[in-house]
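First subunit A sits with subunit B, and in the next complex the same chain sits with subunit C.
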Partner chain A sequence: MEQQQAAPPMQQSFFTPFNVITGTILLMGMVLTVLRFTGGLGAVTNLDHNTPWGIWIGFDLLCGVALAAGGYVTSAACYIFGLKKFHSAVRPAILTAFLGYALVVLALTYDVGRPWRLPYPILVSPGTSSLLFEVALCVMLYLTVLFVEFSPAAMEWLGLRKARTLVMRLVLMLTIFGVILSTMHQSSLGALYLIAPSKLHPLWYSTYLALFFFVSSMFAGLSMVIFESSLSHRYLHKHMDHHHLDNSNDVALGFAKAASFIMIGYLFIQMIGLAIDNDWHHLATGWGAWYLLELIGFVALPALVYAVGVREKNIRLIRWTSVWVVLGIIFNRLNVSLVAFNWQLPASQRYFPSWMEIGTTLFIVTLGVVIYRFIATRMPILYEHPDYQED
Partner chain B sequence: MGITRRQLLGWMAAGAGAGAGGLVPTSVRAAANMHFAGFPQSKGVLHDITLCIGCRKCEAACNTVNELPAPETPFDNLDVLKLDRQLSPETYTVVNRFYPTDPRKPQFVKKQCNHCLEPACASACFVKALRKQKTGAVTYDESLCVGCRYCMIACPFNVPAYEYHKALTPRVMKCTMCHPRIEKGLQPGCVEACPKEALTFGHRDELIRAARQRIERHPERYINHIYGETEMGGTSWLYLAGHPFGTLGMREDLGVVSAPEFTSGALAIVPMIVSVGVMLLTGIYAINQRREKIADEERRDAVDQTREEFEALMQQKLSEQKKAAEKAKDAAIKREVEKALAEAAKPEADQPAGEENGKEE
Partner chain C sequence: MAEAFFTLQDFMVHTKAVAYILMGATLVGLPLFWFFLTGRDEKKRTY
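Entry: the complex of A and B
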């Protein structure tokens, strides 16, 4: 206490617990970055001949994109389906989506062998028979769309009124474009695994894999918006205006209701997937237990709790459930990409991430949190700019 | 997975949210019904596992012709055969030893790229760095490769290997079927080096015929299956064996569908999502706008109507009140007149009474 009081105020305010923890992680990330780009993937990852894709794809790409789905879900709800009471949720959701996708691309530069060639599929030699081509094209276009969708906030901050007016005219077109691009690449991330039926466990492999990924991205996005909103309420409360505060319970209730409904639908389509391929007998195995844990423990139960939360208008319950659903989405994406992938291999040949892979992922997530905080404490994200309230 | 591509396409169309199953054009399905049986006159290699003695001469030759780094254990050391060796960036081919039935009768299986007729790796490559050549070889172009390793995910035989320890120029490494040698009219290095004719190079069609003949002539020696004839839609590399292939480290559950067919449905639906998506979303937006407009109009109409009704009512009340007031006025005047007449008739009447009447008015 005495030391803190004695320290000059500037220093005291800089070494907050938040800054110390994030600073350490960012520093570690920079060291890992150097290791990755001097020693190659082999120096930092446990990737091998059998498992060419680790958590940088399984978590950073698959979970990153799924959890950034809040952007298209919220803007579609507000601008296309005309649910205007969700308007206050659009900006934070778009910002998260934009940062999410930007960080997905950043993570890819770590994962691919020659990141400077990432434009090759578009500019040099398009391999249109690949689902990864579709993913690359959509992610690139959608990142651009999200950047433009986000830009009015930055323009208000910088006072660029004319440019902002121009962009605001494009909102509807951008939203429609964004929803279509999201539909395509959310689903094609699942479709990436269609090519390897011999490697992915039948309970997770399905001809409907693309649809599963798309539908689950909807409730992933909805839940992520609820989750982030509760974080913002806790840590960025002073940056919110009364409009945002008044509507945030409506957003939580509305989104929880929608998520619950979609999750029940998702259960049905999963069951259709089982029936089509006649995979029922796998349910009696250990893999079946794991699958049921995912489907009942992380979809059916939280859907039910969401419904109860909505009926009783219990915002606290809804917020905790959103964390549960987000974890469930991560569980599902990791199951498809890592746990159930190469399931037939002996345990000795299976992959487990190195601490450096986990460290790099942590670094990228932390980078996202820091940038979000930087922007949300400066630009009109959680409040409406007083000069631009007319629209 | 027990589903034909035709069904799949239908479901993908339905699944896209359009709610219609017949969105995929018939020409795509027509293409699906054409089975690609490989380029005509394309080459292949027949590996007769029953003839292989595990001498590793093919491994040595492969190492030389492809200018790969020298291995840790020299090629004349046969101890490595007992290991379950995998392909790697330094070894395009390995020979592994198996004991399918009798522990005294080892079987040697050579592993390398099988050069699928419709390769999973080539269809998965998003820069077309991997290609199926007319010679039958599946080749790799280092100058295009981004290093995404989707080819490794896609390959059902786990063939492509990656240079994980190269920082800036990692390559995907795999057997090229000695494509440059074939173009010069030579045989692949491994085939040329084989002392027991366990490897035969030739046109794939002829190799299949030859393999069938061998099975027919020696049914006691071979099981009745040519591995690679139909696996994953067919491969340029073909195998004959005296034991079930599952006991020789080869997967028997790959099916006969080529890898691109697993993804063609998902790819075919993409342009449909774009077009149907624009229709659907713009439609929903337009319907919402329209509904809002109508709701606005109705609200305005309702307000207008209420106002009109209210005004009419007020008008009515006003006029009624006016009438009542006039009536009262008339009555008062009448009364006054009568009073005045009465007063005029009685000149001696009271003055104060007249004042009171005046006040009432």
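Entry: the complex of A and C
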């Protein structure tokens, strides 16, 4: 195997910049974890009765789920729409999605507390009329689906040929199931905020909030796959085979084209949302400027730049634009959950996360990066295992 | 300033009218954007 021959030598020092930085963050995270689970929410967060959902929900959960949408988007493109040229992007996207959702659940345990009670909404006290119940059920099922979708890579690594063959037969069914579940919970996360029309600023509050979250998750997922592929290209290229290296440009071009078109569609439905609620007059306020920054600066402009990148086959431009779009999605989710939430409160009563909340979020993101690196450098994620190339 | 609406009928007529205009713009705008997006793609030979 080419990528195995090119693996870094074992005598390399353990104290590399990557290891030192991630090690420090992980150590800090462990201390914060102890503080949170022994001292409660009050010991580490600035949450209060006005803002019971802070950065752990706004960033870790809402952004995490949106950016993990690459899993369902890529597998649907490849297995349902038959676009086999994107096959090389499926495993990295599934791994990113699996880790993304696993870390969403981890972050949720920090926010909710009592992790042993996580199965309660499903097994003990199902609130079937609640959106949170639907989100919990979907995330639980989809995390299981992603685990099964990811498992063939681990099985190839471990040499479990029979088990792998069995799972590979389920791929199409799992993909369809994954798309259905994603459609449901991506939109439900937006719909959660429909309960707070008096708290969320009218420019962000809309009866179409569920639709906005679902549609934006599509281009978030596509952009995240491009972004993640650029990072792999830069830092893990030794573990990529020729097939993956050659296809990465096609993946970037195809996904940028799809993302660009969906973003323009999203722009139109956002405007229709404004029209239905007659919110135009808010655009002339400070909040309007902030909203326009989100819609023009992080949707319309990157959509156009994506389109220019696709027309000119400028991969570098597309890769940078994917970072722009990912930041835009984070901007949007934080606006809905934190910035435009409780907008009428005086500044002194507004929520701003404590450094310990930010530290915990950093810890969870770092954990994801470390686990991704661990898996991608060992299992056949960025290359095809030589024993299974014909399958 | 927001316009004053005295009845729900007035409000619905106004907002629906604007929404329909935007939907028309979407129907025209999206295909045009698609042509821009795919304008330099290699043409597929169908013969």
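Please note the rule applied: the second predicted complex is superposed on the first by the 378 of 391 C-alpha atoms of A that agree within 3 Å, B and C clash if a C-alpha of one lies under 4 Å from a C-alpha of the other, contacts with A are read in each partner's own complex, and residues count from 1 in each chain.
By definition in this document, contacts are C-beta pairs under 8 Å (C-beta built on N, C-alpha and C of every residue); 3 or more make two chains touch, one makes a residue touch a chain.
Treat the numbers as computed from the prediction; the structure is a model and nothing was measured.
In the superposed model, A:268 lies in contact with subunit C only, and not with subunit B.
Of the two partner chains, both subunit B and subunit C are touched by A:276. Shared-chain residue A:79: touches subunit B; no touch with subunit C. By the touch criterion defined above, A:307 reaches subunit C but does not reach subunit B. When the two structures are aligned on the shared chain, A:320 is found in touch with neither subunit B nor subunit C.
Once the two structures are superposed, subunit B and subunit C can be ranked by residues of subunit A touched, with B on top.
Once the two complexes are laid over each other on the shared chain, residue contacts for A:37 go to subunit B alone; subunit C is not touched.
Residues 276-278 of subunit A lie at the contact with subunit B in one complex and at the contact with subunit C in the other.
Contact residues on subunit C toward subunit A in their complex (touch as defined above): 1-3, 11, 14-16, 18-19, 22-23, 25-26, 29-30, 33-34, 36-40.
Against subunit A, in their complex, subunit B makes its touches with residues 1-3, 8, 11-12, 15-17, 86-88, 120, 122-129, 144-150, 152-154, 156, 158, 161-171, 251, 253-255, 259-260, 262-263, 265-267, 270, 273-274, 277-278, 281-282, 284-285, 288-289, 291-292.
The touching residues of subunit A, when paired with subunit C in their complex, are 257, 260-261, 264-265, 268, 271-272, 275-278, 281, 307, 310-313. Here subunit A touches subunit B in the complex through residues 37-43, 45, 47-50, 52-53, 76, 79-82, 111-115, 117-118, 120-121, 124-134, 136, 172, 176, 179-180, 183-184, 187-188, 191-199, 202, 205-208, 210-211, 276-278, going by the rule given at the top.
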